[in-house]
Structure formats: structure tokens, C-alpha cells
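Following this line, the structures themselves.
Common to both upcoming complexes is subunit A, partnered first by subunit B, then by subunit C.
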Partner chain A sequence: MNTLAKTISGKYLDSVKLMLISKELRSLKGVEDAVAITATKENKEILAATGMLVPDAEAASETEIVIVIKAADEETAKAAMQKATSLVENPPAPVSGIISSEVRNLAKAIEILPEANLCLISVAGKYAAAEAEKALDKGLHVMLFSDNVSLEDELALKHKALKKGLLMMGPDCGTAIINGLPLAFANNVPTGNIGIVSASGTGLQDITCGIANRGCGITQAFGTGGRDGKKEIGGIMLKACLQYLMDDTDTEVIVLMGKTPAPEVLNELMRLIKQTHKPVIVNFLKQIELPELPNLQSSVSLAETAELACQACKKPYTEIDSPVYKIPTLPQNRKYIRGLYSGGTLCQEAILIYKRLFGAEPFSNVGAKLLAEGWHTQEDSYIDMGSDEFTVGRPHPMIDYSLRLKKLSEEAADKQVGVILLDVVLGYGAHPDPASELVPVLQKFPGEICIVCHVLGTDADPQDRQKQIAALRECGVYAFTSHANAVDFSLKTLMKNRENV
Partner chain B sequence: MECRGYLRASTKKISIIITLSLRNSPLLYLHKKHYLLDGFCSFLYSAPMNNMAIYKIQSIGEKLPLARFEKTLNRFSKVLNYAFKGGVLTLGMAPLCPGPFRIILESGDLQQVESLQLTADELIINDALAISYDESHAWKVVEPDKTQDFATLKPVVKESFDLYRQGLSEVSMAFFLISNAAPLKGFDEELRKTFQLGLLKLEQENSPEFVPLFKGRGKGLTPSGDDFLCGYLLALGWLEKQGLGDFADLREALYKAALGTNILVNSFLFQSYKFWLDADWQDFFNAFACSDLNEVSHTQKRILGYGATSGADLLYGVYMALSKHLNLQGFKEAG
Partner chain C sequence: MIKLDKGKPKVINIGLESFAADLLSQGAEVISVAWKPPLNIDKRWTELIERSRDKIEAANTKALEIINAGRPVLVGMGIAGDVIPGMHKNLILHAGPPITWEKMCGPMHGAIIGALLYEGRAKTPEEAEELAASGTIDYAPCHEHGCTGPMAGIISPSMPVFIIKNEAYGNYTYATQNEGLGKVLRYGAYSEEVIVRLKWMETVLYPVLSKAIKFLGTINLQGLIAQALHMGDEVHNRNRAGTSLLIRQLAPAILKTSVDAEQSAAVLDFINGNDHFFLNLSMPACKAALDPARNIPGSSIAVVMARNGTEFGVQLSAMGDRWFTGPALVPDALYFPGYSKADANPDIGDSAITETGGLGGFAIAAAPAIVQFVGGTAKDALSYTLSMYEICFGESSSYQIPALDFRGTPLGIDVVKVIENNLSPVIDTGVAHKNPGVGQVGAGVVKAPFEPFIKAYQALAESFDNYKE
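And then the complex of A and B:
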């Protein structure tokens, strides 16, 4: 008889696997006995009693697993042990794209990933500027996810970036797609010939998705951070990125969006646009007077911005079908609308459309007619639940639906609420399956409430957009893929109810 | 223009270094692996970020110390065990049941988890992601229900044992000992002989002298003999709580004699000795207390699913204790 033992170190094998290994080894021809056991001294006693306590087994420590094989001959024992080794090893597939090694600072990170050309930073605001500066000094483009960076620091960083020919996206930049790679909250969008520079995160997402869903694609989608258009920053990155897109031979159409820039910044942007023959579509989230330029078009609707960009490509594109829903009739007491948003720009667009229709703003936590407390809605109210007051100490509502679900239930319980409008943002970084969170809650709502939902995403996003839409529609949600259409439908429902009154 | 063309300087591929703050960064949800450094975590990436996980807490055991846990004893796909002074913390995914030394996540990716830190109101994963929790998440040890009808208890124990016997895995210790198992050889035969001796001693004496014949013996990460001892301790604890005997001295002696195989076993022994039950065990014993055979059978099935044979071996310990101390017959004969 030949007995071989092998200690397993550095591997985690559960009891089931150990049993299976023992069983499989015992089934081999010529194997007399085989065990995979914890090498306690008591188990060693049993091994000794059965003539299996060979030196390798004896040497195993009490916390180790030892495989002991007793076979008719040495060759069989060795073959069985080889089999055992292969059963134990079964290495997990390597995770691509991640370099496994310890990194303690940026210099070390660069040493390990010398080809790195972009640094994405998300640290507490007070450290963010210093980290961004380090990265710029190392010649890395920066996407600064962090907020709470002072205007002075932002200005200094952007000047430095510009001097070095680097991107300085942010602070508070949550979305970008660079050379086809989605960064932070972004969607799976095909490459094409439309370049975008945006000072608005969800706006950028909605437009890129709108472009993708019409069968077109993008070259770059730069985020600049929401304050870039302010007088103090002077639109440094808006201008730099616009210039880049103007010069980029792959980019044939340009989209520029964000809150309305300061007049001097707007002038400079217009001066740049005047220098290019490429069509430029601007969306400054409200109607403003712009110079009449042959290549310039403007829109205040995200969906229309995407549509205009696709039209300007002068290539065939797909029209987005808007579902035709019958406007529901609500009980007369259900007379108010509540908008519960995760995307700030979408919330602002909804408020804008409301104002255009009713001539006055609804209550909100982000507009001119502020709610006394963001959490406590009244009459017609829109809440951006991605704003700071809701995200301190908890994940963004695009990731974690718990707070919004709670609020949804509260609103549904209010017998004066007839319409609830919400956005569901898909893509990288967002919740992996929003419908799985929403449906169980929405199913419990009374049938007399109209739930309207804008699903932002593309069919290539990891969440499977069609599946999400189908699941929401299945539980009675009026789901749209155009935000403007969703808002329009919600307001028509509201108006119908009020007309009936 | 200075930035002209710079994005395509060398390659179309973007390689990224990501620096994350220690707490509350939503970006952490996107990434597989992090690296601790002084004040920050850095990620190195050259691929799209499509790995995301949302961490939600289902329960946190009340006996866990507010401390930092970084030394994993073992890692499995649904369970991580962390050693700490005085025990083992189990971080697991639901439907693993809650327990006094367990943190159960409703969702998350255990493969991403390295360190844990438990504070009074937050579970901090990898020094980076802080998940708030409150009283509603606490899993508390409660006293077991009192037996309602002692007359029906014995028949229910016997019937549930019959059900147990029917569902045994053929590699479990009980199967070897009470079923008409095929003739064994080698290690298994030697193991059976030792356990048979142990059972004989257990039957004859009210002392922990049988313990060495089980301790540290058998297969599995927690050897079968140790599981048996944990089950035995659990049953003694329950009988005592039901006023069916004073086993304080025996339990203490048994516990002390059983200690020593490894930290994982020691931790389970401690929990059993203290009668700090995980949810499944709580359900199991409470089902006995109200003589609800269906519920006993239901929870028993869940326990039988522990490990390869751990559940079966634990239950065997329970039944051996109950049969001895409730003076029941027919627990060792072949089924």
C-alpha cells in the first residue's frame, strides 16, 4: 500500500467540496481510501490507526485541511493526488481590467499602471482639490466626482489643466463617456459622430441615450461640472471641450448643454461656435436669446436636443416611438402631482414644462418656489432626491431606491395625490434592477393613482431596458422613454382631472 | 488650442486610476477591488465599470462587538468568517439565517468585501462604504418559548427523529451509526468505532468523559464529532430552559472539555454553551415547545442543509441529548 498526503494551504474549501473530493478520489480504480479532513490531532489519531498518518499528514497544522490517499501502488496514489490537486485548484477566472497589487498613493498607482491617462477622484471635498492637483501634475486627465470644492480651487485646477492640455472634468462631475468608456454614472452608448460637452450630469445621460436610442452615436461626452459656466470659472472647460469637438475630425455634430452660462461665458461660447461650420445644438435648460448663427440650433428639451443632433448628422436615424396611452380618469379628490426624481436635470426640466403649461412653478426643493422642507410635499411638488439634503450618508437614489420607495408609498397614501411622476435611470453605476425594487411597492398602490415613469437608458445598458419597461408597464405604470413625453402625459392627466372638477 | 487631440495621444483605450474616499462614496458600488491607503483608496482600471453591487443589511447579531474585523478565517461564495478575540463573526447573504454572531446582507457582493467595521450605527465595508443600521436590524437573543404540553413533547421528538433519520446524508456520522450503512473500511470504519464508543460512554455516564471520543474527529471544516458536541450542548441548554433538569455543571464541564479543535469550532461551542441561538435553531426548539411537528420538520430540513454533514451531525447531538435526558428509546436502532 502507498499513502500520500497533501496539505491545502491558502484555499477555501467548504465541507461539501471536501466530501465530494473524498468521494471522487475513492471512486478511482486502485484507491483504497481517501479523505479530505481537518488535520486535528484526533483525526491524526484515526489516520494513524488506519495506517494513513504519513509524515506530510502529521506535519499539517490543526487548522489546515489535509488530503490523504491510500492506494494499491505508488503510481495510482500519485495519479489520485494529481486529480485531488486539480479538484482543489479549480482557479477562479481572473477578473479582467483590474490590477491586483497594493497601492498606497498615486505615484505607486502610476507605477503599476503606467499607461493610465485619467484619474477619477471621489474623495471628501476638503481633500479633493489636492488629489486632483496631484493627478494633473502627473499628467493625468481628471474627472472629479467630489463636490464641496471651492470656486478658487476649481479655477486654479482648471487653469492648470488647460495649461497642460488636460481635461479637468468637475468638481461634481458624475457622468462622462471618454473614447467609448462610460465613467461613473453613464450609459452604454455606441460611438458615432456627435460630440457633447455638458455641465449637467443627468442631462448628459438623457441626451446620450436619446442619441443612442435613435440609432446614432457619440464621439465624446465631456462633463465639466455644474459651475463651469459661472462667471468665476469663466467656462474654461466648456470652451476647451467645445474647441476640442470643433477640431476633432470624428465629431461632425456638437451638443452643448448645461445651466445658462454667465453672459460673458455665453458670449465666448458663441464666438467659438461662430468659428466652426459644424452644426451645434445648445440646451441651456431655459429659453434665452441667442445670436442667429447658421449652424446654431437651440432647444430647452432634452429629447428634442437629442433629436436635433441626430437630424444634424444627416444620416438616417430611428424616430422614437412614444407609447399611446389613454389619459386616465382619476377620482376628483386626487388632484395633485408629485414628482420624485433621482436626476436633477430631469427634475428641472419637469418643473420648466409645468411652468410653461400652468404659468407658475410648482413647489420643489430646487426651483424658485421652495418647499419649507424638501421631504414634506404640498399641492403640486417636485423633489430632486439626488440633491445633497437626501444623499448625505446614503447612496444616490439612482443606486439605492429605499428612500424613494418610502416617499412613493407616502405620496400614494395621500388621498389628494393623483399623479406620481418619477425617473428610472439605468446604466453603469445605477441600480442593477430598478424594476425589482419598484414593482413590489407599486403593485400595492391603489389603482386610482396614475404612476408615470421616464426610463432613461439604452437597450445595451446592463439592466436590460426593455425588461425594465415591460415590468413597470405590467404593474400599471405609464412608462416612457422620452422625459418630455412622460411629463406631458402626467400633466395632461392632471389637467383632465382638474377640468372634470 | 492646447488640448487639441490629447485624448488620442497614445491609444484609444482609457486607463484610469480612481481615488476614492474612505466613506460613503457611491463609486464604491462600481468596483471589485480596492486598495487601502492612508486616507484614500485607489482603484486601477482599464475596463468598463460594469460590476456593481448594492449592500443592504438584513440583520446584525447583538453579541457582536463594536470592532474592526479584517482577518478572514475562511471565505466562501455566500459566507465570510472573521476571527475576533472571543469568537467568529459570520458575514453571510440571505437566506442564511440571522444569529447573534452573524451579519446577514440582503444584497451585496461578498467577494468585494475585505474588512468590516461595526460601529453603533454603521457597518463600514472596506473602510469605504458606510451602511447605516438601527435597532430594527438587530438580531437579539431571546429566551426560548416554554413547552406547552410536556405529554406531547416526547412523541413529537420521536417522530421528528424518524423524519430526521429518513433525510440523512450517507456521509453523515448519524448515517454511519444508526442506519444499515454498507460495511465501512479504513478511515470511516475507524471513525465509526470511535463514535460508537463515544455513544456508549455517553449513555453510561453523566460526565464529559465521552467528549474526547468526538472532539476533533471526523470530516468537514468543523469535524463531525465537534458538530455533534455543539448539538448536544444546545439540547442540554434547551432542556434546562424548559425546567427539565439542571445541567449547568454538566454543560460547563462538557464545554470546557470540548474546546480546542480550532477557533471556528470553539466559537460554535461557546454559542451553544451560552444557548445563544441562530434563527433556525430558535425556530426548531420553539416548534418542539409547541409540539408542532410540521414546523419541527420544516426547520429541521433547513438545518440539515448546513455544510456537507454539519447540520445532520448537530441534530444528531441534539437528539442524543434529548433521548438520554428525556429517557426516550429507539434512537440508535437502524431505521
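And then the complex of A and C:
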């Protein structure tokens, strides 16, 4: 044990400041105990009681500050003493922000921002409905990001909203762009004449980006939450938003998307579409029978949906950047594909395309052919890492790449894996620089694995899409900006490997 | 039909702060709510309270008028056994809600041992402890005998006390003389120096002060507190200005009335050397102003917050002498060198009467010198005071915060607002070591626990249920 003591005279610091300095010193590694204190009689007693009253401290006068440091070794003690001296000579500026805000509730927030017209709610599910109800009562549109809200609550909230002429987007609504303002997980998309209503978050992101990347723009991108099309909810918001877009003079083309709605909801949606002359493009994520309407087109591909919407604008638009890569040849043993997704709708689309090609679904944690355990992939497997089993107690994989990086490394170490397919979602809410996470890991992968990546975003997004793509390509990733193209390439690579057998 | 105004939405964000940050980065107007999970309150109570809002409002208006009209003055001194109502030779008063010897914390045990030694009821600490546990000695809360006591708050029959009168309502309150810092009875110390000091306070300090106060007639405590707030005190954790102002009044009177110059000097030295001397006057002054606001049916205003080192107790205007209690919390404080939270006793003392009276933590914006206790900046202190307006029924008409353009301090803790805003009172506090005899180990702020307030809210709600017009 090394004990150092020092006396500083001609300097006055109040006792609270000195306590804070002492606290900081004690937190230093290797420091057993430390104190900076004015050498009054009472304080010397305190020092004595704690075994810190070394002779130097005892000799100090009433107005002097003594510093006593006990550390494991001399070097640590010296370093701590140096730090202590500088802290006493130049005491730290006060730390602000202990109390983050005086705004503790919605009423107070409205007092401060009376023109507020939208409430974005992302508190834990069990409290979310109550907050949403308060917001609707105050006349605010609501975007409810939270999940784990009961169907009864969702229904009640949507009824209330409808009565008041308000949006009730969600629960579990991750994406919306209202009057040009991206909310939660959303991208920077220019204003235009395409209006979108979607029950799928990543679907909405992918379509809005597809539109932006083709040089077109949107009026609104409404999210409804994934369950709106269910029989229990009756498509309340899907219908209300569709009606809004039909009536909105700025909107000339409408996109409607989400999981296939319940038959009665579908009928009502079709009845509405019949009442408008505006072109409507629907994407229900699977092939279903739809009535023949002159203004209705349908697609099951996100990329194609965006393409059709742009076509319907009847204005020139740019072709999407579609890189021509040579299909790589993989070693014979590397015969399986693994999809590691952060976007649920993208994962489902990938599974759908796989099924169309091979006639059967791959293993997955979200489709018909379930993995025994989501984590343990086998043969051809697709995992939606944004599903609940992976997000309990940790951030969404669009924000936190750690779990996906771990899984990526595991898959690459599997000598039977030839193709890894993943999505990188850019935009607000998402990780500020995904390439910085992925590149160091991907660089270490053996060259014989084919990494295919769909980069979802626009050039106006905060992450700098071109830089992200360039960094990924730099380390050998086959990066695409259209999900359909990415999936197509991954499957072609897989087929080539299998044909060679 | 959905109606959506043109222009970028103006957003209120409740939840993930990163969403608000993203919106701000786009230049959107956004306000983030510092949200936390609501308290779990039975809907039945909420409805009963909702139904009775007008009645509560009227009752609280009356209670606040009474508190604001109070005029606490120091009128004299006396010996506890002679002046405190109900005091008798086997009674010891303590801080906080009622408690048995067995359940008392270390510092309170230590202080009672010290008091019995001081009273000459025992010769050794062991003897004192035996007597204390024997059943011969009765224990009661200070608050039930018109008193307030800091920390352990022990008052035994021979101790001299200040006598405070609320001139507007004629009620009296009492408190002992403050012993200073270091090894002192109120922190549970009972060594010889503690007893010797108490004896000196009885035989020298008390007679000198008593004569001086008699000479002065009365000392207007309300006036002193109001001035002290303008001079950087909040009269709970900082009493330097209040003590200085008191000495300015006392000094000439002591010189005129004391025959012994040595004693006069010793008394003035003692007060001068103890910044907290005024605390034992600010506390009974607050109690004197609050007590007349008791027993107003329907009033949700707290008239007492007090801790005994084991439990935190609240009394409500509408609920008579009932205590609502819950476990006292360990303060998140700044600790003296060599000590940490592990050494700390749970919150203790009647001094939270200052917060109940709109001072202490509620007035911390007036005391920039001690803002380190609340985060370090004057802004932090302002936030604390501002947040307390949200749980108070009104404002003080006597005590002001200079930094808030002399706005009255938040006054009248409204239990309904505490529950509805999910915001508990902040209390400035000293921290005692959990073992008797060690003394003070830190200082800081502590949030009152919710449990007593939830119980008080429930009782108030049920009182409306029982009330049939």
C-alpha cells in the first residue's frame, strides 16, 4: 500500500466541491481511498477515524486543503495525486442535466408547444395505450411505435381517433412520413405526388426509398401498424388513410400495402378504390385474387411496387442503380444460403421469392417451416432478427448490430454456408454508420463466401448511402439498392453452385 | 374523415429520446416528455377523488390561506418538562412517525442512550440501553407534542427548548438548541464530550439566550427566514444567513443581559461556530405555521413530513392525527471521505417540516451555494424548485426566490398532485451513519418515498366514499 499526502494553501474550495473531487479520485483504478479536504479540526477527526490522518495532513493548517491518496502501487498513487492537484487547482465545471426536463407529462408539453399536432409514443406497451388515449383526447394525431398493446385497446383508440378526425398510426407502427417529416424509423424522401398507406414498417421504408431513388416523391407515408387489416380491427386506419389520399388534391398516385387483409376488410378497401380515378398500386405480400379495376395494379415485390408507382406518375423517372456483378463460383461444399434480416417485411419477401423458385419455403423463424430454435440455422435458413425473440431486452438490430455480427461470424464459420443475405437499413432511427460495424467483421470472412446485401435508404439519409455502399463493396460485398435484385443475385449464386454438383 | 393540417407536424415525443433527437436534427419543432411509468393506483380511488375535486379545491384554498396567514415568532425558552404539553419524566420524544425501541435505527438508539445519560438516569451506556428497552421509558413523536427535532430528534425532560408562537392563531411549537456538527446527540453520538456539551448548553447557553430573548420580547422568525432566503439560505441544509441574522439580533441583547463576559463570549462563539444553529428555529417556525391548517375536511395538503430513520411518515390536513408511513429511503448523497452509501442510515429527522412549509428542497433555487447537492448548477436547483410547484397547491406569500423574480416558494404539498404527477417531494438532508455514535457521513437530497402518499391518497379518497351528504 502506498500513501501520498499533499497540502495546498491559498486555495479555497467549498466542501461539496471537495467531496465531488474525492469521489472522482476514489473512482480511479488502483486507488483504494482518497480524499481532498480542508484541514479543519473536525475534518482531521474524520481523517483520523478513517485512517487517513497521515503526518502531513496532521501538520496542515485550518485554511489549507490536504489531499491524501492510498493506492495499490506508487505509480498509481502519483498519477492520482497529479490528477487531484489539477482538480483542486482547476475545479471541474458543474455538470448539468441531472434533471433532464421539467416536462413530465403531455399536458405540460402542450403548454409549452401549444401548436403541437402529433404525438410520437414509444413507451413500454403496457403504458402506451393510456398515453395514446390522452394524446387523442388533446386532439393530437398519434404515432404509436410501441408494441404489446392489446387488440381491444387498439380498436378503442382507432375508433376514438376516427371520431375526432385524427390519425392513429400503430400500435407497432415503426415508420411514417407526414407532410415531409420522417418519424421514427424513416428515410429522407422528397415531396412528390405519391401517397402511401402501409401496414408494414420496413415495407413502407423500402417503397418510399424505391420511389425516392427513382427520382419521384411522396405526399404522405401513413403507417397503420401490422394488425390494422385484421378482422378484429377491421382496417379502420387503412380505410381512413386510403380515403384521405383519395381526397387529397396533392396525391395523384396511391400505394396500399401490408399483409393480406381479412376478406371483409379487403372488400371494403376494393370498394373504396373503385370510387377513385387515381391509380392505386397494392402490395399484399402474397399473390391473391383481386377484382379487375381499371385503376388497380398489384405486385408482390417491393421494388416493383415502387416502380409501378413511379410509372403511374406519368413523369420521367430514373432507372434504379442496378450493378452487374459476375455470379461467383463457390466451393462445392458451400451449398446453403442464410438470410440474416433486420427488416421483417424484407425477410418475408425473401422467403416468398425463395419459395417461388424452389417450390418450398426455406427454414425460418417467421414462415411456415419453422426452425426448432431461431438461433440455430440449418440448411437454407432465413432469420428475422427484428422479431421479438431477439429484441427482448436489447435494441432493434437496425440500431444495434452486435447480435447480427455475432450471427454473421457463426454462419461464415459454417463450411456448408455459401451465401449470406442481409439487409442494411439506413435513415432516421437506424444505426448512424452500419458499414463501420460490418466492414471489420466481413473483412475477416473467407473469400469463398458470397455476401449479398440490400442497402435500404436514400442519398439524403444521414448515413450517406453512397459511402455505405462503397465501403461494403470495398470488402467484397455484393451490395444492391433493390431488394428484389439482391435476392435474385443470391439465389442465382446458390443455383449455380447446386447445378455444378 | 382524417383532417391533417399542412406543414411539418409539431411533435410531442413520449418515449425514446433518440426519436426526438432525429426530429430536432431535421429542424422540426419537438418537445420531449420526461416520461416515467405511472403509479399503480386503484381506479376506484381515482374516481372518488375526481368526483370530489371541487370540495378538495375549496378545502385546500382554506388550508393555504391559514398557512400563509401564520406569523411564527420566537417568544422565549423553557425546560422541556415544564413547557412541552404532555411531557413527563419518563417520556422521550423522537423524530418521525411513532416507533418502538426495537424498530428504531442505530442513530436513534444512540441518541436515546445519550439522553438517558444526560438525564442522569443511567451511569453507563449499557445501563442506559437496558433502561431504554425496559418499558419504563415511553416514546412518542415530537410532532405529537408540538415539537420538531432534527435527525434523531430526541427531546428529554431536562433539555432546554425554544418556544415559538404563531401569533395569528395562538398555537405553540418547540425545538431544542442546535448542538453543531461533529459528534452530536442528534446523529446518535453519546460519548462524554456529547453529554458535556449538552450540559453546557443547559447551564450556560440556555440561561444566556433565555435572558436575551426575554429582553428582546419576541424575534420575528418569519422575517428572518424571508431575509435568509434572499441571502442564499433555504433554511434546511444551509442556515448560514439565518444564523448570522439571528446573531445580529441576539448579540446586543446578550451583552445587555448577561453579567458574565466570558459566558457571553462563549455563547456568541458557539452560535457563530455553528451554521446550523438557525435550523432549530426554522423547523418549529414551519410547524407553527402548518399546525393551524390541520383538520380541514377534504384538504389534500400535507401538514407533516417526518422520518424516524426507519419509516417516512406523512400527515394530511383532512386526516387528523393519522400517520401514513412507508420505509424511509437511503439518501443518494455526497459522502464524506471514507464513507459511502453502504454506511448511511435511511432518511431521518423532522427537518422535512421545512419542505412541508415551502422551504428546504422546495426553495433550493434560493441557495446557489449548495447546488452541488442537486447536480452542480444553479439551473439544476431552479429545476428542482420549479418541479415542486407542480405538486404544491399554491405559493408562499412570505418566502420568495430571488432567481425566480421573487416568486413565492412552492407551498402546500398536495397529495393528489403528488400522485397524479408521479412526482415526490425533494428533501434536503444530512445523512447519519447507520451505527450509533459515528455521526454525520454526508449530505444531499432525497426523494420522499411514494408509499405514504399513496396511502394518504387512498384514505382521502375513501373519506369521500364514506361521506354521505
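Going forward, the second predicted complex is superposed on the first by the 400 of 501 C-alpha atoms of A that agree within 3 Å, B and C clash if a C-alpha of one lies under 4 Å from a C-alpha of the other, contacts with A are read in each partner's own complex, and residues count from 1 in each chain.
Quick note on the criterion: a contact is a pair of C-beta atoms (placed from the backbone, for glycine too) under 8 Å apart; a residue touches a chain by one contact, two chains touch by 3 or more.
Predicted, not measured: the structure shown is a model, and the values here were computed from it.
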**Prompt:** Taking the superposition as given, does A:378 touch the first partner, subunit B, the second, subunit C, both, or neither?
**Reply:** neither
**Asked** Is A:298 contacted by the first partner subunit B, the second partner subunit C, both or neither?
**Response** neither
**Request:** Based on the superposed arrangement, let me know which partner A:130 touches: subunit B (first), subunit C (second), both, or neither?
**Result:** second
**Message:** So in the superposed three-chain picture, is A:431 touching just subunit B, just subunit C, both, or none of them (first/second/both/neither)?
**Reply:** first
**Message:** For A:184 in the superposed arrangement: first (subunit B), second (subunit C), both or neither?
**Reply:** both
**Asked** Touching A:7, do we find subunit B (first), subunit C (second), both, or neither?
**Response** neither
**Request:** Go through the superposed model and pick first if A:400 touches only subunit B, second if only subunit C, both, or neither.
**Result:** first
**Request:** Check the residue A:32 against both partner chains and state whether it touches subunit B (first), subunit C (second), both, or neither.
**Result:** first
**Asked** Quick one: subunit B or subunit C, who's touching more of subunit A?
**Response** B
**Message:** In the overlaid three-chain picture, which partner chain does A:70 touch, first (subunit B) or second (subunit C), both, or neither?
**Reply:** first
**Message:** Let me check the overlay on chain A: which residues of subunit A are in contact with subunit B and also with subunit C?
**Reply:** 14, 16, 19, 22-23, 33, 35, 37, 42, 46-47, 49-50, 52, 95-106, 108-110, 112-113, 115-124, 127, 131, 135, 140-141, 145-146, 165-167, 178-184, 220, 240, 243-244, 247, 428-429, 462
**Fill in**
Residue set of subunit C touching subunit A in the complex reads 1-16, 18-19, 22-23, 25-26, 28-38, 181-182, 334-339, 369-377, 379-380, 383-384, 386-387, 390, 421-423, 438, 442-443
**Residue numbers on subunit A that touch subunit B, as the complex places them** = 12-16, 18-19, 22-23, 32-33, 35-38, 40-43, 46-47, 49-50, 52, 62-63, 65, 68, 70, 95-106, 108-110, 112-113, 115-124, 127, 131, 135, 140-141, 145-146, 162-167, 178-184, 220, 240, 243-244, 247-248, 393-396, 399-400, 402, 428-429, 431-432, 462
**Message:** Considering only the defined contacts, which subunit A positions touch subunit C in the complex?
**Reply:** 14, 16-17, 19-20, 22-23, 33-35, 37, 42, 45-47, 49-52, 94-106, 108-110, 112-113, 115-124, 127, 130-131, 135, 140-141, 145-146, 165-167, 178-184, 220, 240-241, 243-244, 247, 428-429, 462
**Message:** Show me the residue ranges of subunit B that touch subunit A in the complex, using the header's touch definition.
**Reply:** 1-21, 23-27, 29-30, 32-33, 35-40, 42-54, 56, 74-76, 130, 132, 171, 185-191, 194, 212, 215-223, 225, 261-263, 307-310
